[in-house]
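Labels A, B, C and D are assigned to the chains in the order they are written; within every chain, residues are numbered from 1.
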Amino acid sequence: MIVIRGGTVVSATGAAPADVVIDGERISALLAPGSLLATDAAGRADRIIEADGMYVLPGGVDVHVHLQLEMTPDATSADDFTTGTTAAAWGGTTTVIDFAGQQVGMAVGDAIEARHGEADGRCVVDYGFHLAMGDVHPQSLLDLGAAIDDGISSCKLFMAYPGVWYSDDGQILDAMFRAKDLGAMVMMHAENGIAIDVLRRRAGEAAALDPASLAPAMHGRTRPAVLEAEAVNRAVALAEVAEAPLYIVHLSSAEALEAVASARHDGRNVFAETCPQYLHLSFEEHLDQHGIDGLRHICSPPLRSQQGHDDLWRGLRTDQLSVVSTDHCPFCDNEKLLGATDFRDTPNGLGSIEHRMDLLHQGVVADEISLARWVDVCSTTPARLFGMYPRKGVIQPGADADIVLYDPAAQHVLSAETHHMAIDHSAWEGMAITGQVRTVLSRGSVVIDDRTFVGRAGHGQFVRRGLSELLV
Amino acid sequence: MIVIRGGTVVSATGAAPADVVIDGERISALLAPGSLLATDAAGRADRIIEADGMYVLPGGVDVHVHLQLEMTPDATSADDFTTGTTAAAWGGTTTVIDFAGQQVGMAVGDAIEARHGEADGRCVVDYGFHLAMGDVHPQSLLDLGAAIDDGISSCKLFMAYPGVWYSDDGQILDAMFRAKDLGAMVMMHAENGIAIDVLRRRAGEAAALDPASLAPAMHGRTRPAVLEAEAVNRAVALAEVAEAPLYIVHLSSAEALEAVASARHDGRNVFAETCPQYLHLSFEEHLDQHGIDGLRHICSPPLRSQQGHDDLWRGLRTDQLSVVSTDHCPFCDNEKLLGATDFRDTPNGLGSIEHRMDLLHQGVVADEISLARWVDVCSTTPARLFGMYPRKGVIQPGADADIVLYDPAAQHVLSAETHHMAIDHSAWEGMAITGQVRTVLSRGSVVIDDRTFVGRAGHGQFVRRGLSELLV
Amino acid sequence: MIVIRGGTVVSATGAAPADVVIDGERISALLAPGSLLATDAAGRADRIIEADGMYVLPGGVDVHVHLQLEMTPDATSADDFTTGTTAAAWGGTTTVIDFAGQQVGMAVGDAIEARHGEADGRCVVDYGFHLAMGDVHPQSLLDLGAAIDDGISSCKLFMAYPGVWYSDDGQILDAMFRAKDLGAMVMMHAENGIAIDVLRRRAGEAAALDPASLAPAMHGRTRPAVLEAEAVNRAVALAEVAEAPLYIVHLSSAEALEAVASARHDGRNVFAETCPQYLHLSFEEHLDQHGIDGLRHICSPPLRSQQGHDDLWRGLRTDQLSVVSTDHCPFCDNEKLLGATDFRDTPNGLGSIEHRMDLLHQGVVADEISLARWVDVCSTTPARLFGMYPRKGVIQPGADADIVLYDPAAQHVLSAETHHMAIDHSAWEGMAITGQVRTVLSRGSVVIDDRTFVGRAGHGQFVRRGLSELLV
Amino acid sequence: MIVIRGGTVVSATGAAPADVVIDGERISALLAPGSLLATDAAGRADRIIEADGMYVLPGGVDVHVHLQLEMTPDATSADDFTTGTTAAAWGGTTTVIDFAGQQVGMAVGDAIEARHGEADGRCVVDYGFHLAMGDVHPQSLLDLGAAIDDGISSCKLFMAYPGVWYSDDGQILDAMFRAKDLGAMVMMHAENGIAIDVLRRRAGEAAALDPASLAPAMHGRTRPAVLEAEAVNRAVALAEVAEAPLYIVHLSSAEALEAVASARHDGRNVFAETCPQYLHLSFEEHLDQHGIDGLRHICSPPLRSQQGHDDLWRGLRTDQLSVVSTDHCPFCDNEKLLGATDFRDTPNGLGSIEHRMDLLHQGVVADEISLARWVDVCSTTPARLFGMYPRKGVIQPGADADIVLYDPAAQHVLSAETHHMAIDHSAWEGMAITGQVRTVLSRGSVVIDDRTFVGRAGHGQFVRRGLSELLV
């Protein structure tokens, strides 16, 4: 039995002092500090973790990561399931959801089995999978039922990346009808990839006259926000036809937010996540810079103008945005430099799996969101949305003992020098942070102990998820 | 020590089995059922309340009631602080907020003292006060500071009732500037009373030709939704000028909801409550009926068209509406009949203090809102919004032991025959209900014990409230 | 010289008495009745047409007709260029714009030449062509320049009809970039054809269990308004990327109107037409009927619910909708009956070319639009939008003498018995009309003389159009 | 008989060459240049005015001017009816509408008679009156009927200026019901004057600590756009209750525009004008400057931020704004300086009566609006909206011969040195203008002859106006 004593337990609705008792893998009690039962519990405890001055948080839930993703034969995302979940743990995230990718010609079951093979025994914290469907056809939709039975209750589709992951509107609609029948969540990469490819082709054509048309900034200019908003609107319309729930991944722009807000205003089962990079980093600051800094910050959707940051923070505050995930998918410099003369050859993605809780805590410090909302968007709502609540996302008896002790007053600086992600640079280099994870427990086991890693690959288990709790 | 054992604790984010331990007036522990500590606790308990099959809820918080309100010399609202809080307890509400009314010419401090005199020693459950300001001037605004210090952290203004409670836009703006400085919440009765009075006068003028122009239906027609929406929009604009927080009381129409939704979409500190009558009862069904049924259902704002109900439920679901309160203010038939030949002579108000939890549970049954959202809008959010959290509105160690055992499967029918409000009819007569309160604790004392009243007047204490937790 | 004397000339801004003098093909003067010059003119006139009690209107401009359109090998639209333009003249329309259809594999120039071949020498009133592009590729876009030089300054694309006329978003965007460079108007059939095809396939699949799933009503149900609105929104987004002007054809639903209104609110070069069938006929009344009535009313987009009619009239009033055209494309009963057991086999289209002015005049009678707005949406704005103003669409010196004498008080009934379209039934059978065309001039020649046809095939000339006058 | 030969006649729908024949006070013919009738007319003409290279425009209609307005005993607007209408003529405006002001305690009929006494025999061009009601009560509303019979078909109310012109919402609603019955247009000064007075009082209170709180910039800061938008929204709501038409005067901000646009989107009889100062001048450039420049630019509503200019131009383009008037109400420097130490003592108003056509032509030059739209908002629509069409606002047989020859290529600079308004400075000093009025006719008489004034006081006649042509 472990007792966490003296801290302030923060939930999605507020903060209050309480001692937390852990029995095995689960939380067995919340106790008033100093109460008789608290004394009892302390007496029986194998270990008492003193948490004075600390927030005691439900472990973070990052529902969008890409570990060990072979994007092209030349570029595989830098973190494998061990380094990625280690970094997650360092950052206070105790559950990640990655993707089993069904590519064209591949059976759904094979894709899932393959991904299990890559993750099994290698994770430091718990993990789940979404199914990424790249080949929607009657058989793959049929197989979706088995995936759900196996705890993979959400399915991602792509309106971008024609020829690779792209589904056309007919495939999307077919998949949505199926998801509706199964109660599964449809996740959507919402960018109009067909139109974007025209802009990319035109950028290439323009290069003869103007080499700047292939600079990193053009990654942003060829993926304008209006084409993200358009895709969101279209996905919402298709979901309305099929009466299916919809979750927009990595929403990046005020324009797209407006499309989500409008659907939510109408009471639809439409949800969206944003990512820390869209809240903190901008086109002007990074993508519009020449050279490696621009390349390092190529991700899709692209970093947007600074102007939109306020809108996204407001969206988080008002529940137009439900979740913050990372879309963690970093590549090392040698891979990023593949696009040195043509941005189109750069593998897309940033690494943030370790920094999500910290980066969002800056919003608390800056009064953009409340303390409770921080926990809500980083832990409670993702768990509820993706069928893991009340096992994950909350500190209460019966829940998994995924717990983070967070020191709100600590000061540190993000840097490739100090991070634990397997990447040779940081998209966040030099950013000053208030607040820091000190201790992390995963299913009752201490993984980070006062900033020492004591976890082990293989402790993390696959989470069989149920259906979403947030549909009406 | 009391242990509530075997129930399902419902919070604003979900439900899970847990045993609840109460030590004195407060909750001291939440325990995993069957755990070692649970056995310990049961062993030490003075009383064990078995809650199998029951929801264990944080006691309801009704932030808008009018007990013992002398509306005119001829009409005083039927429930006094004892009958009203008794009925509240029967209905699972363990905290009510009433109003200290500062009428024209009255000092704020005197108004508060007088109201304390009426409530003190007479309440069965805890209670608080808002200040209702009917005479905004420099001195009364100065006195608002002392009121806040005394735990009355919210101030209600009226855009309706010229000559009685009405404040003009200048008084409202002055009060909002003051509230902004103090951090107080401004509550607003948002109907354009000046315009409504023209419509009422015209109804009177038309009576010579058409007596129906003074029938109960005209109460609704002279208070059209557009004049509620207008007032909401105006209040939002004035609050924007003063940068003050705003809470719209008894929002009744889809039109007004749209004005609130727009402000919330913009990230403003604007909140609204609706009441069960606007979710369940309609103009067509009641107000447009001749005779006593129409008169009994005269309240302000008036019952609206059935068509708008879906919008209000959607508003609750999407957090456009934050709270459900009752605006409990019932009058007996002899008072209602004062308006038998002229609706304008009817005292306005319905009685629902006893039925709020039940009436909203019907929304859970009908899938309009989730179980968690039911607790959220009836208990957690009102407590957070009005500075009582985490003492009220949540079941966790340290919170007041205000707890309701609710049987979700019970069936009963609302009726004046069986209700506990001091009123000789029911606005809800004959309505079939799924779910029922069985046992209620207030600050650790059992008040309703398996549907027997065991409370006492004087147990209920005045709650000194802090500032709102929900402002950004 | 012809003088039209004693009538009330109606323009897009109002009505006033004036005599109109025609010299050859053009209007040479507007004169104050009874003035010295009016006396002079009457003295010199070869013919005086008395117009007392008549509106004197600029000839109608119908910018969307399909004459002699071979839709499938089994179905060709009923009117050829002679019968179609004869019926147009009977209805007060003196300019029609049809389409030169570039099908897959066809050169743009060949398509135009072929269409010229079909129309040349056969038209009773003037006509023009849009280019309908079914095969967008670099060469066809190059050829668009020559088409514009030849007076075909607008290009229609299709988001519907995959495999036939459909362009994907990339083709659309490429075409829009080209149109932007050329100043050409992009016209769009805005329905999500890919999604619609899924719904049609599902209707077919459902037929095994429920034959009603292939009834005419399913034509409407498989083309829901949300998929029209989606397509409008997408077209607007693509036009924003390319900075191209956009004209939505045959807008049918309140939902799609909202998408247009939003773009126009933002000041975009976005325009839309609706058609009389979407203002007067409904799903409930016709499409949802079994048998031949349903089949006769199959057109795309489908007839919508009666509820939306008010919105479309409001859209016309407020200039959210700029134009009313007919989308005239009728098929005889033997062709309509091809879909007797499967709605998907019915050729889509209605015939209204003869009734547009009458049908819109009913809106004047019913106070939906003003007299001036009637002329505006039926004549002036279409001429301005499509590069024919001030030659067409206005009565002023220098304009083509395309003039209609309209008796606003006449009463008649629409019927296949009496109409002049080459179709064996009427979508408008039995509809009572107030107002009637009495006399029509085309380029100075009388075509309908007091309800006697005196025109001739071959009088009508091809109108080489310039660029739109309404772009900013 | 006068013939204007060789020019390009511009209407609200476009431009075309035509000769204009004037017989007495009215236009008797429009002729194709070079036609037989044109030769006839030229032969008979008393005078031929050559207009090669000129636009021939319908005379401007400025529906909002304040000549000889005694604002306070110390401040009377600078232009009397002679200098004001002279300046109007110089600027191409041939009809102005001023106000008969019914102040508190004054009978409507007396107010009108008094204003007739001031204008009669002193005007150079035609003029009309609106009724400005400062004292709404049953008798004044009764008297509104007689005013309409006398050609004063519009009534202005004020939501600003408490204690002077202000009407409360009840008075407004009463007046709107009456206007609805009479078919009269309700004009509204839409600013929340009650709230503004609080802000002005607070500015005064703050002056003890910070003298800048009484600088001209505070005129803007105490009249924020949100309080204009609020008032527009409220006026729209009241008009909805009464089903009355509404015309918002001097709309100045994007926020207020949005409220108008929303009402117009809904198809309501709601209209708005803006003024040149809100399109061209800004808070930053002028009001936020210390000293006389700030004081000179004090008007109500105040100049707004530069940022909003684009929105207002877009509003003009999209018909969200229907009219441009001047709100001409200038004061000389000695009067403006009354507010040297306290902005509240400055009489509000600018002088622009002479420059409206020029200032809006800059929008044509800059492609903000089309040539046709220029004529529409400056002449045609104001005439239609206020019951003067087709006598005013259009060049066609039967219309008053109010005609302007405008040289679109001329260059000049606005300056107090050269203007003809009776004011010792110019709000527009130094502004470079493309385009200039050369010759002006009023009811057939030349008033400005190739930039020489040849008019006379007393030529201008009172225009008895009918009801608005633009209501549905």
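Convention: a contact is a pair of C-beta atoms (placed from the backbone, for glycine too) under 8 Å apart; a residue touches a chain by one contact, two chains touch by 3 or more.
Here the structure is a predicted model, which is why all the values come from computation and not from measurement.
> Counting one step per pair of touching chains, how far is chain C from chain B at the shortest?
2
> Determine the centre-to-centre distance between chain A and chain C, using the mean Cα coordinates as centres, and give it in whole Å.
Centres of chain A and chain C (C-alpha means) sit 51 Å apart.
> Using mean CA coordinates as chain centres, what's the gap between chain A and chain B in Å?
Comparing mean C-alpha positions, chain B is 39 Å from chain A.
> As a quick test, compute the distance in whole Å between the mean CA positions of chain A and chain D.
Once rounded, the distance between the two centres reads 57 Å.
> For chain D, write out the residues touching at least two other chains, lowest number first.
Where chain D is concerned, no single residue meets two or more other chains.
> What pattern do the touching chains form: line, ring, star, complete or other?
Shape of the chain contacts: a ring, since each chain touches exactly two and the loop closes.
> Which two-chain combinations touch?
Listed in label order, the chain pairs in contact are A-B, A-C, B-D, C-D.
> What residues on chain D touch chain C, complex-wise?
Listed in rising order, the residues of chain D that touch chain C are 9, 11-19, 21, 23, 26-33, 35-38, 40-41, 44, 261, 264-267, 314, 317-320, 367-370, 380, 384, 389-390, 393-394, 396-399, 469-470, 472.
> Over in the complex, which chain B residues touch chain D? Could you list them?
On the chain B side, the touching residues are 168-170, 173-174, 177, 192, 194-195, 197-199, 202, 224, 226-227, 229-230, 233-234, 237-238, 240-241.
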